[in-house]
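Multiple structures follow.
Consider the two complexes below, in which subunit A is the common component and subunit B and subunit C are the respective partners.
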Partner chain A sequence: MTFEIVKPGLATTVQDLGRPGYFHLGIPEGGAMDRLALRAANLLVGNDEGAAGLEAVFMGPEIRFGADMSVAITGAELPVLLDGDTRETWTTFDVKAGQTLSFGFLKEGARIYIAFSGGIDTPLALGSRATYAIGALGGFEGRPLAAGDKLPVGQGAIVAEGRTVPDALRRGPGKPADLRVLPGLYWHRLTEKSQNAFFDDDWKVAPEADRMGYRFRGGQPMEFVDRPQPFGAGSDPSNIVDGCYSYGSIQVPGGLEPIVLHRDAVSGGGYFTLGAIISADMDLIGQLQPNSAVKFRRVNMEQALAARAERKKTLVQIRQVLG
Partner chain B sequence: MKTRYTYGGDEHVYVEVDDEMSLDAFFISLSLSKLVRAANIPGVTEICPANASFEVRFDPDVIAPDEMMARIKELEHEAEAQEKRLDTRIIEIPVFYEDPWTHETLMRFRERHQDPSGTDLDYAARINGFDSVASFIEAHHAQPWFVSMVGFVSGLPFLYQLVEREKQLQVPKYLRPRTDTPKLTVGYGGCFSCIYSVRGAGGYQMFGITPMPIFDPEQKISYLKDFMVFFKPGDIVKWKPIDRAEYDRIIDEVEKGTYAPKIAEVAFDLDAFNKDMTGFNAKLMEALNDV
Partner chain C sequence: MTEIQSPLPGTFYQKPSPEEPPFKSEGDAVTLGDVIGLVEVMKTFIQVQAEADGIFVKYVAEDASPIMAGDVLAEMK
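Moving on to the complex of A and B:
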């Protein structure tokens, strides 16, 4: 079973839930930027939640099916067309061999997830099918898809059409998007004035926003607590002796533009980090378009863990609805 | 040492053994990260050692963040008491300094640099008090280097030079990171050298390029068949300056599958090194003569 890419979209890649265990070598976990959306798409077509599907950013690909299968689209909102006929997002539908799936213009969000019953069956690389394009690893030949690529799909049963994730269980960023931050790491490097300004300022997503990281603009330049730079760090006050970066950590090179590291994060480097986006809000970043308004909200660990539990509850509810 | 513990969001504990770089801090950090690994703490998903710090990623649904941090703290004294010695290897890495590819790239990103009027090597030589680029390059490759961290992107090594602190070369990172760096660029930031394993973004100054691949996801390169990443923390490197002709010859050998990196087994003992750096380094480098 296969499907063929007729038009690839912008940067459409094969993604699953990633490959933990190699970050110490600079190979990130990777996988779907919006994990909940990929899990939901897989559940809709009867797959394991971690099966490989497609992640497409800002525009959908065009796909011709080589076999009958069940399909579901989740994540961003955009018109879904099967041979020109409308299909619903977040809802299972059947496709027949020879039919073509295409998409209209993006209405809301940034990334769609396309799940196929049986899951995409490209070879595993370090235990995962996630595409890590920077390292040319995993997915389909380690790269974003191109026209003419034929992707293998595993054996899966066709499931009933019309299974759907109710509106109340779909998650996307608000306007402005609230991103919750746990201060930590090198937070002490900032003056109190800059610490407060980071949360008070209005930020916008910069055009440099991809699987490695999201950059933000619009806030004030940051000021650092005066100190002699430690040996080996480099002379800029935003430099540190190169250390590991956390997923979701926020670095601010030169104190100018915060960068939040995402699923394809670099594993370390020499810029200070002021804390990290909490795990519960990582998916939301994957749905932010350039120029979206963002507020960073300060939370403590207790609130971070409560948000994580809330997020998990949503997933459990989706499982119950589709179970 | 003034070890500092902090959280990176709700899934990471970050342990900074020292805010400045030293081999003492490196060894304590590596020992502590190894003890955490050996402790097999449920919920730990990644342990990432760095130059003078390390990070543990964990699943807070399995182990509470404060408990995770406490478990690491318990091991600190044991790590400090461990012997600072490693059985390791020395590898000769050919470098084509002042190559045309990094030159083209550094010119393209000149507005992000501290000194747009020269090259990265001009700048590094000047701020380190060298009278010429040639003498700076000589200082870069005359003494060996210690791989104190692997990361950033796929298998990229950070290297720390095995010389007295006052002889260490120090260069700031670019003012704003570049969006492009040629594959296998030999870079420099802070007191660290690095080799960019793949093409991509970067903030380190660019000095040259090596023809020797150090990351191969397809595992076709003869010496990367067992594992796709070449370096590990504790490896020792000796840069060997080469010209364009030798660069092209090695590229050709790599493609044919006949290139074998020059490697010798050595032991690194921090106390012995601290007592006589030049003598210790000379012995390390002699090991390469027998290969």
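Moving on to the complex of A and C:
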């Protein structure tokens, strides 16, 4: 079973839940930017939650099916068309061999996930099918898809049409998007004025934002507490002696534009990190368009863990609905 | 009148580079597939192409302005 890419869209890649365990070697976890959306898409078509599907950003691909299968599209709101007829997002539908899937203009969010019953069956690379394009690893030949690519799909059963994730369980970013932050190791490097400004200022997603990092602009330049720079840290006060970065950590090169490291991020370097976006809000970042408004909200560890538990509860509810 | 919409969000440019004139001016003939502007997003410039033949009327979106998917960029007839 296969499907063929007729038009690839802007950057469409094979993604699953990623390849944890190699970040210390410089290979990022990778995988879907909105993991809950990918899990939901897979559940809708009867796959394991971690099966590989497609992630498409801002623009949908055009796909021609080589076999009958069940399909579901979650994440962003992008009008779905099967041979020109409308289909609902977050809802399972059948496709027949020879039919074509295409998309209209993006309405809300940034990334869609397309799941196929049986899952995309490209070879595993370090235990995952996630595409890490900068490292030419995983997915389909380690790269975004191009017109004419034929992707293999595993053996899966056709599931009932019309299975759907209720609205209440489809969480997208608000306007502005509230992103919760736990201050971290180098928080003390900022002056109190800059610490407060970070949370008070209105930020916007910069157009450079991608799978490696989401950059924000619009807030005030940051001021640092004076110190003699340690040996090896360089002269810029936003620099540190090289250290490890975490998924979700927020670095601010030159004290100007915060960058949140996302699924395909580098694992270390010499920028101070003021804290991290809590895990519960990382999926939301994957749904932010360029120029969308963002507020950073301060939380403590207890609140971050409560938010994580809440997020897990949503997943359990989706499993129950589709179980 | 035909509206040319942006296929994706980003920053719209009427010109191929800051020193050059816009891709099209009022009254220019437009052929299917002609580039009428660029949208920059994720460090990539994507060409916006005309989907029909006609005559260029005007740009609707300003040069170097932020746009959303579906925004009208230009009009032709």
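Following the convention adopted for this analysis, the second predicted complex is superposed on the first by the 323 of 323 C-alpha atoms of A that agree within 3 Å, B and C clash if a C-alpha of one lies under 4 Å from a C-alpha of the other, contacts with A are read in each partner's own complex, and residues count from 1 in each chain.
Here is the rule we go by: contacts are C-beta pairs under 8 Å (C-beta built on N, C-alpha and C of every residue); 3 or more make two chains touch, one makes a residue touch a chain.
As the structure is a prediction and not an experimental result, all values here were calculated from the model.
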First, second, both or neither for A:125, with subunit B first and subunit C second: first
Which superposed partner A:10 touches (first subunit B, second subunit C, both, neither): second
Touched partner set for A:290, first subunit B, second subunit C, both or neither: second
Subunit B versus subunit C as contact partner of A:58, first or second or both or neither: second
Touching partner for A:37 - first (subunit B), second (subunit C), both, neither: neither
Touched partner set for A:210, first subunit B, second subunit C, both or neither: second
Subunit A residues touched - subunit C or subunit B, whichever exceeds: B
Subunit B versus subunit C as contact partner of A:105, first or second or both or neither: second
Those residues of subunit A which subunit B touches in one complex and subunit C touches in the other: 208
Residue ranges of subunit C in contact with subunit A within the complex: 5-11, 40-44, 46, 66, 68-70
Subunit B contact footprint on subunit A (complex, rising order): 20-21, 23-27, 125, 132, 134-137, 142, 182, 184-185, 187, 208, 212, 230-236, 239-249, 253-254, 256, 266-271, 273, 275-279, 301, 304-305, 308, 312
Subunit C contact footprint on subunit A (complex, rising order): 10-11, 57-59, 105-107, 110, 207-210, 289-291
Residues of subunit B touching subunit A in the complex: 6-12, 14, 16, 18-22, 45-55, 57, 60-61, 65-66, 149-156, 158, 160, 165, 168, 170-173, 175-177, 179, 189-192, 197-198, 200-201, 203, 215, 217-218, 228-229
